[in-house]
Structure formats: C-alpha cells, structure tokens
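Next come two complexes, and both contain chain A; in the first it sits with chain B, in the second with chain C.
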Partner chain A sequence: MISSLQENLEATFKGVKVTAPEDGRMSVSVPSDSIPVVLRYLKGNGLDHMALLSCVDWIEDGKFELVYFLTCYMPNNTDYAADQKLHVLVRTQVPRDNPGIESVIGVFENIEPYEREIHELYGVHFKGHPRLTHLLLERDYEVPPFRKDFDTRQYVEETFGSIPPVDE
Partner chain B sequence: MDRNQITKWLKSPGKMAHKYSLHAVYFCTGCGIIEIPPVITARWDAERFGVIPVATPRQGNLFMITGYVSVKTLKAIIRTYEQMPDPKYTVAFGSCPINGGMYWDSYNTIKHLDKYIPVDGWIAGCMPRPEAVFVGVTHLWTLIDKEMANGYIRYKKKYAAYRSNQEMALGELDWPPLYPIEDETEEESK
Partner chain C sequence: MEVIGRASDTADAGSERELELYFGPQHLGMVGNFSITLKVEGDRIIKATANPGYLHRGFEKLMEYRTWIQNFPLVCRVNVIEPDSMEWVYARAVEKLAGIEAPERAQYIRSIYLEMARIASHLFGLWAYSNMLGFDTPAQWAMYHRDLLLDRFEELTGGRVYHIYIWPGGVRRDFPDGFADRLVKTLHSIGGCVPDYDATFFNNRLFYERAHGVGKLTQQQAKTLGATGQTLRATGMKYDIRKVEPYAAYDKIPWEVPTREEGDAYSRVWVIRDEMIESVHMIFKLLDAMPEGEVYNSVPNPFKWRIPPGETYVRCESSRGELGLYMVSDGGDKPYKVHFRTPSYPHGLTILEKLLEGASIADVGNTMISLYVVAPEIDR
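Then we have the complex of A and B:
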C-alpha cells in the first residue's frame, strides 16, 4: 500500500516529494497551492482521519511549515492487516510575511478548530474559513504569541508587570 | 468537641461555626485540582477538618485557587468570588497563583493573584501534598480566630483598586461593580 501510494502521488501531482522514513510512516512535501487536492486524493485512498494540524516557525528561512497529520480509521472488515496501518504527514511551506493558505474544511470538516488555533497563535490566514475568530485566547496580540519573534518576557513585563499591587 | 474551646464557643459562636464548617467551592483550575479528590475522599478525608465541597459558589465560603490562572479563568474566578456570601476565605494553592510559578513568563497567565482578588492564605508547593492542605486549613483557623482572614472586608474597602486592576487585565468587564465605586473615591478624597 505504501509503495504504490508513494508512486501514485509522485506521478499524479507536480512538485510532490514523498519520503518513507520507516514502516507505516510517510512524509509528503507539497507546494502550498495544491494542499486541498492532495488531501482530497489521500482521503480517497483510505486516509480518512485528519488527526491534527500543526505549524512550525522557521524564522531563519522566513517560512511557516504547516503539517497535516493523516491516519486511517480502523476498517470494520477482517481483511484489514496490521501492516497496512499508515501515518502520513503532509507538509507545506508558506511565506512568513502575510502568510495565507487555502482552507481544507471542504475536505475534512473537523479541521475547523485547528485552523482557528493556527490562525490565532501564528497568524496564518486560511482563505475560505467561515469564522476565523479567537479559539482559546481572549485578547488581541500585536505579534501572534507562538511566533519566534514574540518576546514573551517583554510582553509579560508590559502587560502583567505594569498592574500595581493593591496596598493593604 | 474540645472542652478547652468551650469558652471560645460561648464568646463568639458565629466565628467558631464558620471556622469548623468550611464549604469549599469545587472550582477546578490548573493541575492542582488533581490533589483535591484524594483530599476530600476517604484517603485523607477533609471532613475531619470541616472542609466539604459544595456545588455552587452561593453555598460556599472557602475558595481554593488550585493552579495557574489564565486570563480567561481569572474572569470566572472573579465572578465566582463575587457570588460567594460573606464571610468568605480565599486560599491560593500551589506556586502558580503566588507568583506565576513555572508560568512566570507565559503570555496568557496572570502572575500575582492577589492583585485581582484578596487572598487570605497561601499553600506553597508544586504540587502541595494533601497534608499541606490540612496545614493550610489549620492556619486558616488561627487566622479566623484572630480576625486576620479578612479578605472579604479588604475587598469591600479597596474595591476601586481591585476593580481597576481587573479592568487592566481583562479589558472592559461585562458585569456591574459589586460595590459602589463612587463612594469609595469620595471617602478617600476626604
């Protein structure tokens, strides 16, 4: 399953690089504009569980790397073999200044809170997302707090350190 | 009942009754709440000390803040605290409400809880053992005896300062002030 999927992916999509570091794991590097089609293709090939969306801040390269974690649900039939389990990471890079990417809610509906989370913590804009509002945080930050250039200590000093103690 | 305390009971029965019936608001914050189930159940049995958890803040008089306080939780803490009837006692549990603890440079947790609500007792540790809770409770008894556990009185007296700190941390508050603020400033100016 892994080797055929690897060949099919590289043959079907332009600019897709597939590596399989160990059994049952696959890493797919994709250009950012073909993320929805690649995810739709993988979903059609049995990887029907979008487990997680993560983001890495490569500040030296000026890139954000978005990582989509895909696995498959256990099928109910008995033909399913343990060695067919597959864990796929789909990686893509978006530029760090004014980052944006197509939302994949149309493919995996459950990615909605993950995209909101990445939006508020890294400031990545997901085009076509119905409500990019705050998920966990309550306040607006000038620099989104999970970016590497967000100075936590200075922020804490300015926000919480400036509040005076109540004298008794 | 301890015979030595009969004079105390006769002198100030209300205070003694408050002291030995601490109703803890079951408010879960952070990781410290994992210590509370063993404290209140059979293993350590907090009811020996008169501490029993209650369901709503309207029935409670002991408020334990059991861990780091995020900005969002602070809002819930203030609203819960303001709903509790007097007299009420606040105990900060663990090092995070004291000075931020391991979240001292986090972007979204408040560092000093006593800037926003009055705190009567502190239990240090990360996490404190259940025994530390009982040591804290017995210290709280002493404080109640000496009328030093007066956080709710301080809150009323310094409400303007507390409210302004709360607004600095949370922005515009969407509930009205608990006590009138105008009178407070007039008194101070006099």
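Then we have the complex of A and C:
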C-alpha cells in the first residue's frame, strides 16, 4: 500500500513530497492550501482515522508546522492486515505572523477539538471552524502560551511573585 | 434509542421551556474535574457542551523545560488512574529517538506490568460505574481487588499509584524474589470472584435495564468520531493496538480481543469485564514464557544525555483506547515538543457531546462513565 500511495500522491498533487522514514511510516509534506484536498484523498484511500493534530513552533524559521496523523481502522471485522500498521504524517508549514489554514472539519468531523486546541495554544486560525472558542484556558494571553516565546517561568514570576532559586 | 423532537423544531423555541443546566464539576454523577453545560427542555437534553480545562496544567509545555529523565513524574500524572501506559509511550519514544532497545526479558516484564495496570484501571472503572448506578457492593469489591493489585505494584516499584518503573532501555529492576508467585496468587483471588461479580452486577437485570441502549453508537459513527478502545470494540471492531502494531511482548503469546456488537453502555462495560479476564490469562502466559536475562540496557548519564534530532509517533493500547505520543527532538537535552494523543480526548469531547443530544438528564453520568472518560487525560 505504501509504495502505490506514495506514487499516486506525488502524481496527483503538485508540490507534495513523500518520504518513508521507516517501516510502516510515511511522511507527506503538503503546501498549506492543499491540506483539505490531500486529506480527503487519503481518507478515500483507506486512511479513515484522524488520530491527532499537532503543531510544532519552529521559532528560528518563523514557521508553525502543523502535523496531521492518519491511520487506518479495520475495513472488516475479522483479520489484521499490514495496512493497520501504516501511519501517515501529513505536514504543512504556515508563517508565524498571522498564521491561518483551512479547517478540515468537512473531511474529518472528529478534528474539531484538536483545531480548537491548536488555535487556543498556538494562535493558529482555522478558517471555517464553527466554534473557535476557549477549550482549556479561561482567557486570551498576549502570546498564546504554547508558543516558544512564551516563557513559563517568567509568567509564573510575574503572576505569582518570585520563584524559588534553583541552585540552593 | 428513539428519536425525540427537539425544542428548536417547535414553535416554542427560545421560550422559557429551555433551561441551561451546569452539570459538574461538583456532581455525584461526574467523574473528576470536568463539566458539561446542558441545554434542557424538561428532562431531555437538546444540546450538550463539554467544558474541560479544570485540570489543565500545561504538562506538554512544562516538559520542554525539563530533561529527558526529569519528565517522568509529569508523564505519569497525565492519566492518574493508569499512569503505566503513559510511562511506556514516553520511554518508548525516547528509546526510538535515541536508537536504543530494551532486552527481551524487559519486554515481557513490561507487558505483564501493563496488563496489571489495565486490570487495576478497569477495576477502578468498574467501581465508578457500578457505584454511579447504585450497586454499592460490587463497587466496594472492585476497590478492594484493585488494592490487592496496588500491593503488588508497591512491592515491585515502591509506589502504589505512580510507579515510574518503565525506563528508557528497559525497566528499573527485575522482579523481587517470589514476586511471580505472589502475583499469581493475587490474580487467582481476583479471578475467583468473577462469578460473584457476575451474579451481583453483570447478570443483574437492573444493570441490563439501566444500561441497555444508553449512549448507543453505530460502528460507522464510532469511526467518524474517532473512537478507539472499548468504545470502538463494543461496536464489533476488533481494533486493538496490541494486535494491530504489537509492542513489548504482546506478539509472543496467543490471546483474543473481546468485542460486542451493540455499541451501547451495556456492551462497553461487558467488554471491560471480558478484557480484565483476558488480561489475567495473558499475565499467566507471559509469566510462563518469560526468558531469563538482563532487564536493563544502560543509557548515557541522564544529566548529559543529548538525543539526536528527529521525530517519532509511538502508540499503545491503554486501558481506554489508543494512546499516542508525538515527540520531537532538536538534538538537545530536553524534548523540543511533546504531544499526547489521549483516548479520552475524542471520547470526552466529540463523542460525549454527540451521544448526549436527545438523551435524558439521568443518563449523563451513565454515558460519560461508560465512555471511560478521565478528565486529566483531556486537559493534560
């Protein structure tokens, strides 16, 4: 499945780069505007489980990397196949200033809270998401708290007074 | 479940017939620090909004400030009830990034340890569920039996609740003398009570009538909403990471994945029961097949340990479903990014909201506990 998927992906979509770093893993780099179509294509090819959406803050490059984790449920209820071992990491980069990307709720319904969380903790805007309200936090922060330039220790010091010295 | 009319479909929409009701975090039917805002009309729920965040400690961010080994105390607090699979995913992710492997005996010990944790966690879940339905007796039994297992954990690791036993490169120490015999004895005394549990709880007509048809999911819905674990297996799919992508020593012994067909609260709790019994059998088989040898391949000095740049995604079957960990290293002595994929996240947010639409208020706790939601897993 991996080799055929790899060829088909690169032939179908422009700007898509596929690598297979280890057995059963596939990494697909996609330009940010084609995320919905690529995910829809992969879902149609059996990768029907959106396990996780994660975000990495590459502050030195000025980019956020969004990573979508896709795996396969079992198509029938009897046997296990090599397909279920397959993980596909679909990744894309968005700029750190004013980051935004199309929401994929239309493709994977269960991604709704993940997108909400990334919006809250990293400030990435998901266009078309029906409720980008707070999920885990209570209020807005000047710098979204999971970004690399949000210093937890400094925040604690400013909010709760001094923090005990480490070296004693 | 029958389809009921929604208030918004009637001419009275927006009238005083609709009420907003805060369910939790201080509520008897609520497990842990979690709340749901319900919009109700009489006894019927029109819309449910899950409201997590009471336990958000920002672990994933805090872990970026601590070295690879210092993170263990944080890792096991992600899921208070079953910290052991958390240890496994974290240790395995570090091993994969650093390119080390655990010895074979350690793989068996890890599997035995993870199955002990699964039984302890299921017993805790059984306590919560039967207690919530008003079955006090089996609830107390479950707590007692869990305590027997905690004694074994204490003997093996020194801790009752948090163990920090699985370590990159293996496990912290080998079984103490006579541990295997005492573990077998404990499991026999738990397994010997299965007929009592069945008689008082699982085969009880009251349990059937209270749980049958409640919070029902079809297999298609479960797939669309990202279900894993019992929630998915109760709809008939044998999806279990221990079989799909075997880790530790799960491919070394024969075992079965229990499933049910109906997809409701009743079948989810039955899957949990069958899984506990299967886990006990698995531990017996693993103990028999366990080889002699080392349990630990030493790792570099933890204070100076730098792990080469890279990324990995590791997953395992925790007692609640697919538990994953995405970890990125930039070559430093601390993780660059850590992200847990916890099973309660889709169960407690997406699926719970869906299942509660149209349900009755009395079924909120029933649905939520049968989905096996643990609040700290959602918040992290």
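In this text, the second predicted complex is superposed on the first by the 154 of 168 C-alpha atoms of A that agree within 3 Å, B and C clash if a C-alpha of one lies under 4 Å from a C-alpha of the other, contacts with A are read in each partner's own complex, and residues count from 1 in each chain.
FYI, a contact is a pair of C-beta atoms (placed from the backbone, for glycine too) under 8 Å apart; a residue touches a chain by one contact, two chains touch by 3 or more.
Computed from a prediction, not measured in an experiment: that's the story for all the values here.
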Which of chain B and chain C A:S54 touches, first, second, both or neither: second
Partner chain(s) touched by A:T152 [first = chain B, second = chain C, both, neither]: both
First, second, both or neither for A:H87, with chain B first and chain C second: second
First, second, both or neither for A:E138, with chain B first and chain C second: both
First, second, both or neither for A:V67, with chain B first and chain C second: second
Contacts of A:F13 with chain B and chain C, given as first, second, both or neither: neither
Chain B or chain C, by number of chain A residues touched: C
Which superposed partner A:N110 touches (first chain B, second chain C, both, neither): second
Those residues of chain A which chain B touches in one complex and chain C touches in the other: 136-138, 145, 150, 152-153
Footprint of chain A on chain C - complex, ascending: 52-53, 56, 58, 60-62, 65, 223-226, 232, 236-239, 243-245, 259, 313, 315, 322, 324, 326, 328, 336-337, 339, 341, 345-346, 349-350, 379
Touch list for chain A against partner chain B, complex: 136-139, 141, 145, 150, 152-153, 155-156, 159-168
Residues of chain A defined as touching chain C within the complex: 24-25, 48-52, 54, 56-57, 67, 69, 73-74, 77-78, 80, 84-85, 87, 89, 108-110, 112-114, 134-138, 145-146, 150, 152-153
Contact set on chain B toward chain A in their complex: 71-72, 75, 104-108, 110-112, 114-115, 118, 154, 158, 161-162, 165, 168-171
